[in-house]
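Structures are listed in the sections that come next.
What follows is chain A paired twice: with chain B in the first complex and chain C in the second.
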Partner chain A sequence: MSKTVEIKPTTRHEGHTNLVLTVDDEGIVESGAYHSVTPVRGFEKFLSGKVAEFAPIAVSRFCGVCPTAHSISSVEAIERACGMEPTKDGLILRELTSIGNKLHSHPLHQFLISPDYVPEADRAEVIKRVQEMRKIGQYFVDVIGGEAIHPPNVKIGGMAKNITPDAKNKLIDRAKNYLELAEIQCEYMLGLFNAGKLVDGTEIPEKLGYHDFPLVATSLTYGDSSKFDYSQVVELSPFEEYPKEVAIKACSNIPKYKGSLIEVGPRARMVTFENFKETKGAMGIHKARALEMKHYANRALTLLDELNTNGAPYSTAPVVGDGETLGVGAIEAARGHNVHTAVIGRDGRIVDYTAIVATTWNIPVIGRATVGYHYKFAEHVVRAYDPCISCATHMIAKDYDGNTVDEKVFQ
Partner chain B sequence: MTNTLGEYTSIIVARSTDKEILEKSQDGGIVTAAYIYGLENGLLDGVVVADTEKGFKPVPKIARTRAEVLSACGTKYSLSPNMSVVKDAVKEYALEKLGFVGTPCQVIAMKKMMQYPVAFRQTTGNISLIVGIFCMENFPYNAMKTLIEQYARVNINDVVKTDIGKGKLFVYKKDGSDPIAIPIKETIPFEQKSCHVCMDYTSEFADFSTGSVGSPDGWSTVLIRNKRGKDFIDKMIAAGKLETQAPDFEGKIGIPLLEKLSTDKKTKNAKEIEHRIEMGLPVPY
Partner chain C sequence: MPEYLEKEVLVLGCGNILLADDGFGFAVIQKLNGMKESNPVLNSDKIGIIDAGTGASHFILSLIDEGTPLKKIIIADIIDYGLEPGRLTKLYAKDLPDIPKYQIDAHDMPLAGMLTDICSKYGVEVVVIGCQYKHMSAPDICMELSDEVAASVDEAAEMVIEELGSWERTQKK
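Up next, the complex of A and B:
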């Protein structure tokens, strides 16, 4: 006889979600449904008709953890819809801002999972290091983006401001400092993940979190819209994925790429671009994330070296579309492949806007990945994906009695 | 000590010991000397200055070297929106120890910003010194231009310096000829209207405030208001960057004059505030 186990809310991640599991008599998960219950805000709807310049400012407010990824996806999408070319230095500054956000977000996740894996005796030291690293990451976004949270300098056509040579030197110093900290942190965390034990001594099953869905990433550090075929994307209603009683509460869509659910995020990037070996399992994601931190710091140093502080930060081409061209902005956010699309009219206003964010891709995969092991491990699968829910929320139309009016239209 | 000059811990009369600073600056060159001392000794890593661009128009800039500070020194009697570059200084200039100079209203704005850092996240902790200047009133740029061009008959591009003292506004030309004087009472209609509801003459919220009133020619009065201001001035004196003399608490042009002017401003503007309230107009206090 299968029983239902509900974990609600799931904890130590951003946003509000529930995990509904059916388990057998032994407690082994037979099916898992992970779904968002973060209320809908309606960004995609209220953006239509607004001037294009408003979009990056608005979508940044999806979430305070990775506002940078959203505003950058947004400007990338709008630039493509308008046929604009951002300036070279603008792009460098933008990638640096994007990296800054990830430099802070990855250690933040290690802070969130520290009660699971880091022994009590080491915890204070690890968290102190995590905070040092996050400070550096946020400093990047603060100096280049103009604010550490919701950076206002991310602009259609590039970035609103270039930095001074002094600021550049300071950033180089900090990136080097980050690299040193990341080496220590990465080595320490990898040790824990390789041991595969929780702090209470429970061993993590080797094949925990295995699934057969493909991994998708467009770049290791920034994003490459040309590698992503948006025509292959379909968005399904939660009713297609979850049991009815779960789907009725779910606040996110089920996107599929080339007919399949996909996993996005650090592991997808590391497997695609760095030949990372652990293509399956929850612990592999933790390891990939730890390794990525060093890649980001190194990439930041390369970019800072290339940056011309006297270069034009943004293109002055007009922000005008043709009302038809769909611009796709695919950016690798900390949690993975983040896609915004925009159609801009001849008057420079938004005709259509959509966002399929990183965690939206992962949400259905997370539920599936809990299958096959005891339900006590399910939360560790969830946390491995570092889900950040608020941005993943989408809408479903209902009437006043709670009856679903339309299950297919989500924008 | 609370009085018409605001809270202060001590009061000194001082001037810079640097000849170049004295030559270029307004009176005792206190702000310029403090900035240069701070930059050269690691107390500050950048400062906000009011420079002038073409047409003697004040523009706020960020200076990081002695030369940049010197090129901006001297009082401008039309507004330079110094607060507008504070965020830039901390962001794309990545400054961590910023020095700021402003008129009383700008110092109030700075202090408010530090209390409620809305849209100034991670900025307030990077302000290392706030210098206030004495200010009776200010002129909008176009008003100043009209005064200089129409009244003093000097092309605005030929102006090198303006100065107010002894009841007159002096306009100095680049050719070094005698300054042209405009009686202050003639300039009153050109004053900025918002200055008439200002209740602060001596930048009461700065770390230290300075101005020529209350000191002999070529010297400046310095009101030290808090520990940060005191430490800074003490270090400058110890390093021989400032020479001081005892303030004159008795004489007509000494501290009593400063107190008189401050009281005058407060009394006059309190009346104006009352008048504006009667008229149903908005006032800041």
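Up next, the complex of A and C:
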């Protein structure tokens, strides 16, 4: 006899979600549905008709966790819609801002999972290191992005300002410092993930979280829209993926790429670009995330070396589109492939805007990835993806004729 | 360390400009930024004035730890105390609701618990300039403040400047 186990809300991640599992008599998960219950807010609809320059500002308010990633996806999408080329140094500065965001986010996730994996005796030291690393990440966003939270320098055509040679030198020092900390932190966390044990001694099943869905990433450190074919994206209603009683509460669409659900994020990036193959599943994601911290610091050093602080930070080409060209901005946010699309009119206003954020891709995969093991392990699968739900909330409720095709219940 | 963590005073405008009266904190920050010429205290390099949006806990408060040079945090935000809309109230750490500290969701870390912690652990003075809201549009988007809340922005900015003045006086002693 199958029983239903509901975990609501799931904890220690960002946003509101529920996990609905059916389990057999031994408690082994037979099916898993993970879904967002954050109310739909209709950000995209609201952008229609606004001037293009408003989009990166507005989308940075999607949520309080990844404002940087959204601003950058937005300007990338708009530049493509307008056929604009950002300047070389603008692009370097932008990638550095994006890296700063990840330098902050990845260690924070290790803080969130520390009650699961980090022994009590080590915790203070680990958290101290995490704090140091987060501060360096924020130093990057603050100095290059222009402000700590919603970086105002992220601009269509590049970045609003270049940095001084003095700031560049300080950033190089910070990146080197981060690299040292990341090496210690990465080695420590890899030790825990290789041991595969929770702090209470429970062994994590070796294949926990394994699934066969494809991995998608366009870059290790930034994003490359040319590697992503947006015409292969289909967004389905939750009713097509979840049982009816779950679907009616689910607040995000189900996106598929080339006909399949996909996993995005650290493991997708590390497998695609660094041939990271030794671990799949939940532990694979944790390990990939730990390893990425070093790649980001190294990439930051390379970019800082390439940066010409006298170079033009942004292009002065006009921000106008043709009212038809769909610009795609695919950026690797901390949690993965974050895609914004924009169509800009000849008057420089937004004709159409959409966002499929990193976690939206992962949501349906997470539920499926809990199958095959005891439900007590399900939360560890969820947390491995570092889901960030608020901005993932997204749906289409009407068809082209204005008929309602979907409905929602908010609790 | 990012520069904003090296300040002695942080003025944080909290809330989301996309959700009607929740944009109050942002409006106060905008106002303050426009008052710098006539109020030299706002230009002090010991003061950080930040549009914190909905990221104050994530990017600022959770990064404050021992060794912080911070003496005072001034927050501008909306409150729901059942007052008449637009009414301003000053709240101190002891007045903040005793919400259990973050347990479930890093996105919804309640500010109150973190602020009381920062006050008691690191001796940072906390002042909230709270404005009773009229209209909070979530989950819908609305980019305008209600008339009542908009009318309180100037006074709220003055209250922030008063608080900065009292910090400045303790400096000179």
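The rule is simple: the second predicted complex is superposed on the first by the 392 of 411 C-alpha atoms of A that agree within 3 Å, B and C clash if a C-alpha of one lies under 4 Å from a C-alpha of the other, contacts with A are read in each partner's own complex, and residues count from 1 in each chain.
Everything that follows uses one rule, which is that a residue touches a chain if its C-beta (ideal position, glycine included) is under 8 Å from a C-beta of that chain, and two chains touch if they have at least 3 such contacts.
Here the structure is a predicted model, which is why all the values come from computation and not from measurement.
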Discussion item. Should chain B and chain C be called a clash or a fit once both complexes are overlaid on chain A?
Written reply: clash
Discussion item. Which partner chains sit in contact with A:Asn162 here, chain B, chain C, both or neither? Use first/second/both/neither.
Written reply: first
Practice prompt. Return first, second, both or neither, reflecting whether A:Gly146 touches chain B, chain C, both chains, or no partner chain.
Written response: first
Worksheet entry | First, second, both or neither for A:Arg61, with chain B first and chain C second | second
Discussion item. With both complexes superposed on chain A, which partner does A:Lys170 reach: first (chain B), second (chain C), both or neither?
Written reply: first
Discussion item. Looking at A:Lys294 after the superposition, I want to know if it touches chain B, chain C, both of them or none. Which is it: first, second, both, neither?
Written reply: neither
Practice prompt. See if chain A has more residues touched by chain B or by chain C, and give me that chain.
Written response: C
Worksheet item: After lining up the shared chain so the two structures overlap, which partner does A:Gln131 touch, if you call chain B first and chain C second: first, second, both or neither?
Response: second
Discussion item. Looking at A:Lys197 after the superposition, I want to know if it touches chain B, chain C, both of them or none. Which is it: first, second, both, neither?
Written reply: neither
Worksheet item: A:Lys249 contacts which: chain B (first), chain C (second), both, neither?
Response: neither
Fill in: Partner chain(s) touched by A:Phe46 [first = chain B, second = chain C, both, neither]
second
Discussion item. Output the chain A positions appearing in both contact lists, the one against chain B and the one against chain C.
Written reply: 142-143, 147-149
Worksheet entry | Interfacial residue positions of chain A with respect to chain C in the complex | 9, 11-16, 39-43, 46, 58, 60-61, 63-65, 67, 104, 108, 112, 131, 134-135, 138-139, 141-143, 147-150, 388-390
Discussion item. For a test of understanding, state which residues of chain B touch chain A in their complex under the given definition.
Written reply: 64, 87-88, 91-95, 121-122
Discussion item. Under the definition above, what is the set of chain A residues touching chain B in their complex?
Written reply: 142-144, 146-149, 161-164, 166-167, 170-171
Fill in: Interface residues, chain C side, partner chain A - complex
1-5, 16-18, 50-60, 63, 65, 103-107, 138-141
